[in-house]
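Multiple structures are listed underneath, in structure tokens.
Common to both upcoming complexes is chain A, partnered first by chain B, then by chain C.
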Partner chain A sequence: MNNLVLLPVLVPLIMGVILIFFRNNPVTQRIISGITAFSMLVISVYLTYVIYQDGIITLELGNWKAPFGIVFVGDLFSGLMVILASVVGVACLFFAFQTIHTDREKYYFYPFYFFLLTGVNGAFLTGDLFNLFVFFEVMLIASYVLIVIGGTKYQLRESFKYVAINIFASAFFIVGVAYLYSITGTLNMAHLAVQVAALEQDGVLNVIAVLFLIVFGMKGALFPLYFWLPKSYYGPPAAIAALFGGLLTKVGIYAIMRSFTLIFTHNPDFTHNIILALAGFTMFFGVLGAVSQFDFKRILSYHIISQVGYMVMGLGLYSPLAIAGAIYYIAHHIIVKSALFLFAGATQKVTGTTDLKKMSGLLKTHPALGWLFFIAAISLAGIPPLSGFFSKFALILSGIQQERYFIVFVSLIVGLLTLFSMMKIFIYVFWGSPSLSEEETKKTKLGPLLLPIVPLVALSIAMGLGAEPIFSFSTQVADQLLDPSIYINSVLKE
Partner chain B sequence: MEILMIITVGVLFSVSTYLILTKSLLRVILGIVLLSHGAHLLLLTMSGLKEGAPPLLGEGAESYADPLPQALILTAIVISFGVTAFLLVLAYRTYKEHKTDDLDQLRGNADE
Partner chain C sequence: MKTNFLLLHTITRIVTFIILSFSIFLFFAGHNNPGGGFIGGLMTAAALLLLYISFDMKTIKVVLPFDYSKIIAVGLLIAIGTGLNSLFHGDAFLTQYFDYFDVPVLGEIELTTALPFDLGVYLVVVAVALLTIITIAEDDA
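Here is the complex of A and B:
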């Protein structure tokens, strides 16, 4: 029993409610939300430290014993995800201070920003399947508001599709819960794991597993359910797009990783091979989309899809090394992808466009922006010694060890195409003769814009140079994930 | 009784699929509403519909209804109610801004 595990959910919820009362006072809103974001970062680091020291911590809400009541469970994986969410939360918030228009601030941008983080953290920490659905909805409702806030024509049109698709997926989530409850009679994830293992009814469990894969795949943008992502992430301002691009799809991936390492481990030959095939298609078609685009934000959106493929590839291979690689990749991706979206926002602020063909020569006028972008871009493509390299290396190594050469081949090709499309951005935006006059260059101050991005890029470099401790941490997370009995014992206390 | 409910769920799902595939914004919303109704009904039905005493009036009852699915769909209904209200407003604003409710014309083009 430890109330600490509830704090990452409660703090943003309460602060979000308080922020509603300061609607007409943007400065107060900024101060309160800045302090909240930093305190969430401290709480999440402390939470993970406690989990690391004492093992998995659980909290039975209302003192109803598991499996009858709702439990909150903090294990290393969820602790890591909560830290990443807070890091991105701080960076995007401070970028939003610089870029979000006052009209958007007045229409409850900050409250919904924290409600979104409430939902995300809740989804990471809950140990109950229906509670996961509820936190998904908290997160999604906040995301519906954030994606449409500002109400431009483009945003309205694409948000409608985004909302409709997500409600559709939520309905199927309920259907999956209904099926699972009817055959196991429980919704507690640890208890589900016990029941599913004892049941020995592979046929019906496969159906349910695939149903959940569809639901989470729709949220996590897996092939062939990713079609909604590039258009809807293009609409909102960069600070929101960075938060979405870094975090939201990864909640779907977290749910897939959690359910397919804990609950649906009855028939890995069937389920995990489907996941592996989906991973290959996802990364390949995602990167093809990126290669064909000529817009900063759209290229990045398509790259989210291709990189989601790498994460589920780790799950599909289903070995300790592969899972550790996937976890490393998630950490790397969340940080670098948010940084890249913020770069897109900074360039948009400087040049007034995200169309690659309309800008050039920014390296001469804004060298700091150019080189920082370059570091983040090659990190995404997986050039050593940056963080992208080591995560891909672990995935590909374990693919070769298991003699799955085709997926290794696909992932290497995708890596090459990623490098190609990132260099396309670099060449179009930063090379050539400057497109801006000197007045236009001086108009925007770059310092405050780069302030939230620099820590993210530094983190990516640090994760690459300090790969050894981080990789051993990922291995510990993977060991905990691959041995569900640890999770089950700490929840059910048998 | 379960059979009847399952057939109802099937009808709701097929009608909602038809409505979601049409081109009008309002029909899509109606389809989504019916889809969540179907899902809720399925959640209630799947664990078996039992007759008997309420569950909370002591342990003496010979059979009692399972309270958990009822609690779950209560939550789910509230959520889908809120989301539907939001979706209706969103659709109305979209209609006002774009002057059309035809999804064919709301597709957008490649170069924006």
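Here is the complex of A and C:
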């Protein structure tokens, strides 16, 4: 028993509630939320350090024993995800301070920002399937508010679709939970793993596995259920889009990784091959969407889809190297993708648009912005020595080892097209003759805007240069994931 | 011609009290019997809503001058605080405690920490239900 594992959920929840009282006082709200975000970062790093030292931490809520009560489980994978969520949480928050309009601040922006983080962290740390559903809902309800806050016509139209698709997915989630409960008689994930193993996962359990794949795939934007993502992420301001783009789909991916490494592991010829095929389609169609767009934010949104494919590809290959690569990729993606969305916000602040064809020549007027974006862009495309290269390298290497040449071929093509579309942004936005006059250039101060982005870019560089220790950490995470008995024993204490 | 709602108003005053007292009974029936904060809260909200419908918004706003969004926050704080209490006792979050006390008039009663938790839930439910309905109603006017 250790309450530490609950703190990443409790702290944002309590502070979010307290922030409601300061609705009409933006300055106080900013101070409180800044401190909260930093303390969450410290807590999550400390939590992961403790997990790394002492092994998996569990907490039985209200002292109701597992598998009957709800457990919280912190293993290395969830610890890593909580750290990443906190890093992005801090960066986007400090970007929001400068870009979110006071009207939005007064409509409970900060409370819901922290409720969202509550849901995300809870989904990462819970060890109970129904509780996972609850935290998904906490996260989604907060995201409904954040996506529609401000209430422009475009936002209202697209967020309606977003709400509709997510309610649909949640209904399926409940149905899946009910099926699983009626067969195994438990909802504790560790106990589920034991029961599914005893039933040898055939017939109806495979159907349930695919049902969960559909549900999580809808949240995580897998082929063919990604259609909602690009339009709904285009609407909200950059700080929120960055938070969503970096985190929300990854919660779906986390749930897929967790359930298909812990519970549904006994029939990989069936389930993991489906996942691999989905990964290929997701990558390819996502990147085609990106290539066809001419809008900064839309290109980035389509790239989320194609990169989700890489993560799931690692799971589909289902070898230690591939899972380690997928974990590395998730870490890389969350950081770089949030940074890129913030760049989109910064350029929008400078030029007033996100349409690529209306911008040019920013490299002359804003060189720092241009080169930092360049680093993040080539990191996303996977150019060595940045973080994107090593994660893709591990995935492709394990694909070749398993002689899955087709998926390797697809992922290489997708990497090339990613590079192409990122360079399209770079050429349109930063090359050519400057479109802004000198007065317009001096109007916006970039320094404070770049401040939250620089640490993210620096992290991406550090993850690339220090690939050796980070990759060995990913391998440890993967080993822990691939041996479900560690997780099961620490929860059920047999 | 001004419509006279005498019958409605008189009955509402009586019925509201019945509903309110039953909702409080349900709230205290609490965690061992059917009832508790959620159901009690919904029923209280129903009673207050009856007032809003039979009288008008302006009148009731004078009688109940609460900012419902703040009540939600207070309710959440109470509920979380109950959970935190067990943290300070060195137990797992949300661990509940109970004991029996002799109280004059009522005799021996059981007091649990689930009660303040339920109070938090109760406040949140009342405030959320009323806030939702009133917001929609105001939108129309």
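Rule of thumb we're sticking to: the second predicted complex is superposed on the first by the 493 of 494 C-alpha atoms of A that agree within 3 Å, B and C clash if a C-alpha of one lies under 4 Å from a C-alpha of the other, contacts with A are read in each partner's own complex, and residues count from 1 in each chain.
To be clear about the criterion, a contact is a pair of C-beta atoms (placed from the backbone, for glycine too) under 8 Å apart; a residue touches a chain by one contact, two chains touch by 3 or more.
This one's a predicted model, so the numbers in the text were calculated from it and none came from an experiment.
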| item | value |
| --- | --- |
| Touching partner for A:F130 - first (chain B), second (chain C), both, neither | first |
| Partner chain(s) touched by A:E60 [first = chain B, second = chain C, both, neither] | second |
| Partner chain(s) touched by A:V177 [first = chain B, second = chain C, both, neither] | first |
| Partner, of chain C and chain B, that touches more residues belonging to chain A | B |
| Which superposed partner A:N3 touches (first chain B, second chain C, both, neither) | second |
| Contacts of A:V17 with chain B and chain C, given as first, second, both or neither | second |
| List of chain A residues in touch with chain C within their complex | 1, 3, 6, 10, 13-14, 17-18, 20-21, 23, 59-63 |
| Residues of chain A touching chain B in the complex | 130, 133-134, 137, 141, 144-145, 148, 151, 153-154, 156-160, 163-164, 167-168, 170-172, 174-175, 177-179, 181-182, 185, 187, 231 |
| Chain A-touching residues of chain B, taken from the complex the two chains share | 20, 25, 28-29, 32, 35-36, 38-40, 42-43, 45-48, 68-69, 72, 75-76, 79-80, 82-83, 86-87, 90-91, 93-94, 97-98, 106, 108, 112 |
| Chain C residues touching chain A - in the complex, by the definition given at the top | 69-70, 72-73, 76-77, 80, 84, 86-87, 91-96 |
